Amino acid sequence: MSAIPERVHLKVRVNGEESPVSFAPYKTLLEVLREDLNLTGTKHGCELGECGACAVLVDGVPQLSCLVLGVECGGRHIETVEGLANGSELHPLQAAFADLGAAQCGYCTPGILMTAKALLERDPNPSRETVKEAISGNLCRCTGYQQIFEAIEEAAVRMKSKRRIEIK
Amino acid sequence: MMRLPWFDYRAPRSVAEAAKILAGEGPEAMLIAGGTDLLPNMKRRHQTPKVLVSLRGIEDLKKFSNGSGMALGSGLTLSEVLKIDKIPTALRQAAAQVATVHLRNMGTLGGNLCLDTRCTYYNQNYEWRKAIDFCLKKEGDICWVATASKRCVAVSSTDTAPAMIALNANIRLVGSSGEREIPVETLYNNDGIEYLFRKPDEVLTEIRIPHAGYKSTYWKLRRRGAFDFPVLGVAVALRFSSGNFIDEARIALGAAASRPFLVEKASEFLKGKKLTDEVIAEVSAMVASRAKPLDNTDMDLYWRKEVADDFAGYALRELRGDDMRETRLRIARHLV
Amino acid sequence: MSLKVIGKARRRVDGRAKVTGLTKFADDIVLPRMLHCRLLRSPHPHAEIEEINTGKAQQHPGVHLVLTGKDFPVTFGIMPVAQDEYPLANGRVRYVGDPIAAVIANDEQTATEALDLIEVKFRILKTIANSEEALQNPEPRIHDYGEQGNIHRIQSYEFGDVAEALAKSDHVFDDVFFYEGNTHLPIEQHASVAAPDGEGKLTLWSSTQVPHYIHRALSRALQMPASHIRVIACPNGGGFGGKCDLHNHEIVVSRAALKLGRPVKICLNREEVFYMHRGRHPVLMRMRTGVTKDGKLTGMHLQTLLDGGGYGSYGPASTFYTGVLQTVTYELPRYKFDACRTFTNKPPCGPKRGHGTPQPRFGQEIQLDKIAEKLKLDPAELRLNIVAKPNSLTANWLKIGTIGLAECIKQVVARSDWKNRYKKLPFGRGIGLACSSYLSGAGLPIYWNKMPHSGVQLLADRSGQITVFCGATEIGQGSDDVLAAMVAEVLGIDPFEIRCVTGDTALTPVDLGSYSSRVTVMMGNAAIQAAEKLKAQIAEAAAEQMEVIPTRLVFSLGRVFIDADPGKSISFKEAVEFAEAKFGTLGAVGSYTPPRAPGRYKGAGVGPSPAYSYSACVVEVEVDKATGWIAVPKIWIAHDIGRTVNPVSARGQVEGSVYMGLAEALMEEQVFRRLPPKMSHALVHKMPSLLEYKSPTSLDMPEVETILIEDPDPNCPFGAKEAGQGPLLPVMPALANAVFDAVGVRIDELPITPDKILKALELKAKGKTPRVGPESFPAVPYPKPIFVLPPWEGGDGKETKRDDAVAVV
């Protein structure tokens, strides 16, 4: 067996930017993001796939960064909460979450925002049941979820009217 | 933060290459597909493979075809399985209830079929297990669930396996010295440690589901609407002949032993019968008698034993055509 | 008074940071040269440490320092009366998870590897697994202090002759209830970073709800002047009471950083968070209540037995709180309360949302339902008939201000269509009602002093910016937003124009912290006082320029107007410039101390509050009679909040409370596994993981209809009471009562699970008492009570010495 390398060197594409990064090979995407790319917006609550706090988008799909091997991220597009806003303009989901009380302590928020982003891209007009199902892998201890459901629905409405304006 | 131990990473491009690496590295190597089962276990030091052989880069494992039967690549994620047109109901319902959305986006069908058995004395951090002086499944001498037991009683917790068994599916295993196709139920051994009859160098590559004209269903019992592993899974596939008589029946149980299994007696009994209330009650009791819950999962074990017949009844009534949506909604929290 | 900010639905001032990932939680802090710490924890529930060998760990490449108990000779504890912990075990471990040694290394992986190289020799001691065992086994003592054997605290209070009251009652109800322990489960795992600064002083960033208490306790633990320590409370990723203690790891990283001269970080893993615990005490209760035939309460005798775990923590306060607030909700002429807290070999219990009060509330509200059933009264009517009176004293000398409870009951009754549905739904469906009350801040601090509970300092300058400094801590509840809103309302500016600097012991005036629902009331009152002082200065200067008297000025919408002539105004910024020119550098301070409580007996300090909040809740359930499976389609909750500061946050606090209450009612339990004692002494947490400790997902949460009842309380800022804890309390008993309405069985213990319902249904089918719950209450050696006459029996709030012969056992 060959010796295990102390570090691996990769190019990862995070929030549309490709950057070289070097890290210990045992690290998951969560650790690479937080510790080697200093993107601490992605949170962690268990590191075992049991809470959803570390959810990010991998090639557009919500995944748990705590269970994605860093070495498998080369060439894949990672999206985190840091990339959600357009410059200083909040993503409609971010704005709705802030306005409607969907973020209390804010710790589960990045994971839910990314999960909801994928939902609204797939289904711009989700029913309450669809919203509930989509974020059922993200535990929140503060809100009781109702204001989160409402914020996602509100964001969907705002995104639709924004699209209408853009078409006009 | 829970971290993985050090490991060497290999990314073969073909099944043959993967099998060769496995054969070469021996027991120090483990396969990884979605990683949702193996990586938490590695973080808790249940498994500390020196070499991880990743199946991610093998395109062959992501194929799907529908001809004389359905052939599903083991590398399809559970979310991908859910998108397949005309997927048998039991498999769809089972796949849709595995863990969470995120984990279904990562975990594969093959991975769920090979899921490590689970036990509340085993699925704990290294430090916790040290505090009970470990257990039979890993590093210890005693099964704390049943201290007189010579075998590990960890529970098979896969949702898709009972569904596949009910659907009479086969799996294809490819090793360094050849390949074989076996019925799904024969993959499993009723032992919490040696729970798979998979040779160390074999890769589960494909699942074949015959077009058998079944109506099928899967009922999962668990505490919450997401995350939780089953504490009971009932999969039923029935083929009806004219006049609503049952032509063929297959009932499989999950989370009721160290392996998922077919309840043969119940399947035999149903042949040629109609699903009257009496027949359903009798079969449900037969099914329930085979569930032997132990105190190593969530929820009270006596209760789990007591409700097994209710769950079998739900499945059969649903296939009879009863409207079970309200019951399913109450138990699963969403319609699947 | 027309309010511009208070009561308006707004984005909270820290809302943007929380949705952009910019909020810096403690584990997000990264400093140059930072090292990482991991703790070796005890694998044994009760043992003496005979030997520790750290040599191999110290030699491990990448390891900088290994610490053990001998590096920490001084005990610590959050309460002055419970200084019973060592940062690292000093010869004795008291629960699985008790910290023994620490490794500080280049990275977490290396530190973890080195933990395995530390060799510890233990001498195993007998395991004390629960309160009953603690009472039966005075030896071995888990601590060498406390009342006796393994009893930590034991006490008894009697307000009026309760035996006499019960004897004269038309009915006496005697019930035993059990409330299982559970934990806070914040999604953020506790993290701390300690770093020496340029002067060699210490800074500690930590996930803590109580930076001031940590500051004090750390000074003692490190034997270092508090002036050389700076504690910064990072915004908490959820607290719920679990980040209110000084924790072992906070002291350990502080000591390590000082020794190494480098920053040291620790972040607990999820299992370790379960070990830090300090959560809900498991409580066994016996409640004897006398009633008249028309449903008036005549007296109550409550006995509680708390399983405290391995250390004191807030236990002395928790022990009081399992009884002292029983008098605040309903009129109760006489009351006796016995309480006992035991030490056991489990993670220590402490304050969790509702601190000590959910347990007796659960018992009382179920018992009221049983009373209503027996007396053939509607449970809502029975309660409406006995709601405590506003501006009154209770039997135990607590001063109640406003009470919106009757309106709360009426609202949930109306909205749930109670009158048409209670007892009228088909078998298997039911609704249940319960009520509660809670503190808006504890009347006394945890250490004796006469200083303010909250201080606020304001800075204003020619830029027009207002900076507000306060030691209060943002734990998700919206503390910064309340602070900004109070100041903004007084100064007539937008809350977003205010910069909040909070929770930093070096920069901010003392606030006792985010616990006991005290922040809105205490910080709010201090903030108003500071803002009014600043406003007076600005008004005086502006009035001079505008040639009117200051009292004619109105501060609103970022401008200063003349009241009779709204066309004439100057901007707020201009007004501040005038003030700075006139008075020099501008600043103002405000502080708040709660009113002195009327009780004068020893122990009267626990229970008083500037105001009490009230809640009423109706829960609807569907129970499957074949399986006992419980579904909750809807919950109605009405909360007497006094006045709403920000309706968005207030609703969130109420719904979050309902969520946590429902979780406690149905699934959460911090329970332990005892292996067969003949084979093992092990006593381990049954499920220290987010997977197996069950917290409801979005799919498990029913619809909640929230009603905020406003009855402004004069003791509170703009009349605002608490909202973050009280609404949790009625959910559990309302659910239990709904189960009774649905299928006619009583589950007198928590959590209420399908197996218990099925068991009770089977008892019912056999014609036995359809109830699952504790069968008996053990013999507890409660002392002779401290006897105090209630206000209406001629008492003066002091203890009355009674003849032994009169004492009732």
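All chains are identified by letter, namely A, B and C, in their written order; residue positions are counted from 1 within each chain.
The definition used in the following text is that a residue touches a chain if its C-beta (ideal position, glycine included) is under 8 Å from a C-beta of that chain, and two chains touch if they have at least 3 such contacts.
Keep in mind that what you see is a predicted model, and the values were worked out from it rather than measured.
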item	value
Chain whose Cα centroid lies nearest the overall Cα centroid	C
Result of counting contacting C-beta pairs for A-C and A-B, higher pair	A-C
Length of the line joining the C-alpha centres of chain B and chain C, rounded to whole Å	42
Distance between chain centroids, defined by C-alpha means - chain A, chain B (Å)	29
Distance from the mean Cα position of chain C to that of chain A, given in whole angstrom	31
Numbers and ranges of chain C residues touching at least 2 other chains	109, 269-270, 689, 691, 697-699
Where chain A touches two or more other chains, by residue	26, 44, 46-48, 50, 132-133, 135-137
Multi-partner residues of chain B (at least 2 other chains)	1-3, 225-227, 334
Residues of chain B that touch chain A when the two form their complex	1-9, 11, 25, 28, 32, 35-36, 39-40, 43-44, 50-52, 54, 56, 79, 99-103, 105-106, 225-227, 334
Touching residues (chain side chain A, partner chain C) in the complex	24, 26, 34-35, 38-48, 50-51, 53, 80-82, 84-85, 90, 93-95, 97-101, 103-110, 113, 131-133, 135-149
In the complex with chain B, residue positions of chain A that touch it	1-2, 4, 25-28, 30-31, 44, 46-50, 52, 55, 61-64, 66-69, 71-72, 115, 129, 132-137
For the chain C and chain B complex, residues of the former touching the latter	41, 43-44, 96, 108-109, 112, 267, 269-271, 622, 624, 626-629, 631, 667, 673, 675-676, 679-680, 682, 684-689, 691-692, 694, 696-700, 753-755, 758
In the complex with chain C, residue positions of chain B that touch it	1-3, 120, 123-125, 127-128, 130-133, 142, 144, 147, 223-228, 298-300, 302-303, 306-307, 310, 330-331, 333-334
